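Going in written order, the chains are labelled A, B and C, and every chain counts its residues from 1.
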């Protein structure tokens, strides 16, 4: 069962309902991806406007989560989905939770960015953020892409990317460690950066969870915690 | 869209055999005159297992079920080929008497069909015709036990001698189950036992099936996939007279092996 | 595609016509039923108005002297003496005493003609029942002759029919009427006697008994045979050309004119098996042949109406086919079978034609005592009386029809009662 579609149900409304849930999920994914990109941009550009926009944008993400969850509950109540349909609906509810957490992390990054801007920008340390940001946004993008196509192979490859993100995260932490030791006066600002790096790493983990859901939908295998 | 055609040399996918079988069916073919209703079905039903048989109308699941206690014998022009064994004894090829067989393989039908006699007479009927009770006291005991097992005793104990047809649909069906288990069969066949009942009565019967599976082997044909999912240990999917897939129920309803099964249970057949 | 307003307009246009057709249908149905009821009503009124008179007969009060010398007997236990005695002499003496004015042979004959020919035998029975009456007198109501009966009834209703009456007889009746010595009494003869050439002596009891004996034979033979055949055909027989052929023939037999069965009975039962002619036995056999198809067809319908789910349930419990039939199918279809049988019996009760062929149309005075005694049946009796020239038989015929109809009504009501009683819901 590699090929997946929502079509050809005897009840065509069922097709539409699943289609709608899925397209909402994709929209939410797009929105969350944008949130992460903007949050990273807010730090790198020290732009408090962008940061404010991200914080505002998280409310949209929350609304989308609730909306999709409601639709999933309705489909379960109305259609009692089985087999691939069941896996799809269940994975969507899980994926929505992960996306919402990613949104939250993006909001946190934006808040720390605002604090950084308030305390006055740092001279160094941004490179680690920018590097990790690129990796994580790429990973998130790949995960959503794989979801759109239910591509289990792509999802597996994306899961592998998480190891690299983890390595980059550790490297970033140790570099920030050295910077903090050398400039104890800026400890507060560097701590902000630590939190930001930590959030990016969490986003990578959530992207990995998304990929695991893709494998669950496509292959029926639960590969979490393995 | 799954390919709806079934190739001639079909092989059943999944786990159709059982380590500790009560009934074993091998290469069973059933014909109605010229028309073949069942094609080469091999499957085991394990001891104390609830086996659900699902599939679209006319897929042969009821026909197959009815050949397990030779109810098809009453249909003119019906012919069963292959081997159907119960505890290693062949149903069709040896001298196993059909009366004995039906005492060992009870049946519950789609429409509740109590005899137009009293509740007591209904339950006692099997014991009477098979001579299972030596005395009235024995018979009373059989009736009470069976009604108890069917979860009907409390509801009817004060009106045992009123007609069984005066009960509600769900009670009637439980009465039929009590009637079937009164002769302590090894296997109970159920042919869409809840299709004429409301959801509450259905829930009661489903509950009962689960309880009965402690003592009996149960094969149930059902149109309700949710019901199959709720009550059965394994599920067999029939399509155009062929057995497509047999697998543990939890697998069939989350990750079926065959695309025809997938198509049927997700509601994708026209 | 029509829009909805246009459709609505068309629907409204057609409504009037539709309701009109519906009303026409309703009224034609009502008219048909009214017509049917009217026909039945006319029949009943006609028959009752003609026949009610037959339930009462004219009787004349005479002072009878049981004169042993006149009778020529001295011992009431001597059968021979009783048989040879001239019982009419008692009547003649009494009449002469009552009307001494009758003179001459002709007038005497007219005087004796006031009472029934058979009235002497009634006196004989009276005397035998009560021997103490010998040589004493008593007032006795003597049954009148049929012509007197007809005249008196028509005279009472104000439109005297005097065709067969003499002047003298009319005078005598007026005298008797003034004395209160002539009256209408309940006609015991009608319900206790067999047929007779004398209308006032004729009764239907012989025909009733004949009908009962015949029907008993018919029921005892046709019900078990019919039910057994129906059960075999419905439950056990394989579906093949032979059973199809049998089925077609049973249906055909139900439509065979009944007189053919009479011919069959004559040829086989009487000429070949030498069953006594005119007996209820042979009548029952012939009517059995005639009612069998009806009973088989209704019994099969009753068996078919037993839901297959009951059979399945019993088979599923391990009952043999025989047990299924005996425990379930037969009890459930019994009301239908009995109803069918009773309708068949009612048909047989009203049947005349086949019985004519086997000699049940003979003139039989004695009341049959068993299945092999010569007998006739109610419809044949009606046929015979309708054919008789005496005017008094007209009302007898109608009375017999009333009796036959009441038998049929009772039988049909029994059928309804049995159905109501035994019918079960499932």
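The definition used in the following text is that a residue touches a chain if its C-beta (ideal position, glycine included) is under 8 Å from a C-beta of that chain, and two chains touch if they have at least 3 such contacts.
The chain lineup, named per UniProt: A = Phosphate-specific transport system accessory protein PhoU; B = Phosphate ABC transporter ATP-binding protein; C = Phosphate transport system permease protein PstA.
Note that the structure is a prediction, hence the values are computed from the model and not measured.
Asker: Out of every possible chain pairing, name the one holding the most C-beta contact pairs.
Answerer: Here the largest contact count links B-C.
Asker: Can you figure out the chain closest to the middle, judged by Cα centres?
Answerer: B
Asker: What is the distance, in whole Å, between the centres of chain A and chain C, each centre taken as the mean of its C-alpha atoms?
Answerer: Distance between chain centres: 102 Å.
Asker: Any idea how many Å lie between the Cα centroids of chain B and chain C?
Answerer: So the centre of chain B lies 60 Å away from the centre of chain C.
Asker: Measuring centre to centre with CA averages, how many angstrom lie between chain A and chain B?
Answerer: Here the centre of chain B sits 50 Å away from the centre of chain A.
Asker: For a test of understanding, state which residues of chain B touch chain A in their complex under the given definition.
Answerer: So the residues of chain B touching chain A come out as 1, 225-226, 229, 252-256, 259, 261-263, 265-270.
Asker: Going by the contact rule set out above, which residues of chain C touch chain B in the complex?
Answerer: 238-239, 307, 309-320, 323, 327-328, 332, 424-426
Asker: In the complex, go through chain B and note every residue touching chain C.
Answerer: Spelled out, the residues of chain B in touch with chain C are 69, 71, 74, 76, 98-103, 106-107, 109, 111, 113-116, 125-126, 129-130, 163, 165, 176, 179-180, 183.
Asker: How about chain A: which of its residues touch chain B in the complex?
Answerer: Within the complex, chain A touches chain B at residues 1, 7-11, 14, 79-87, 220.
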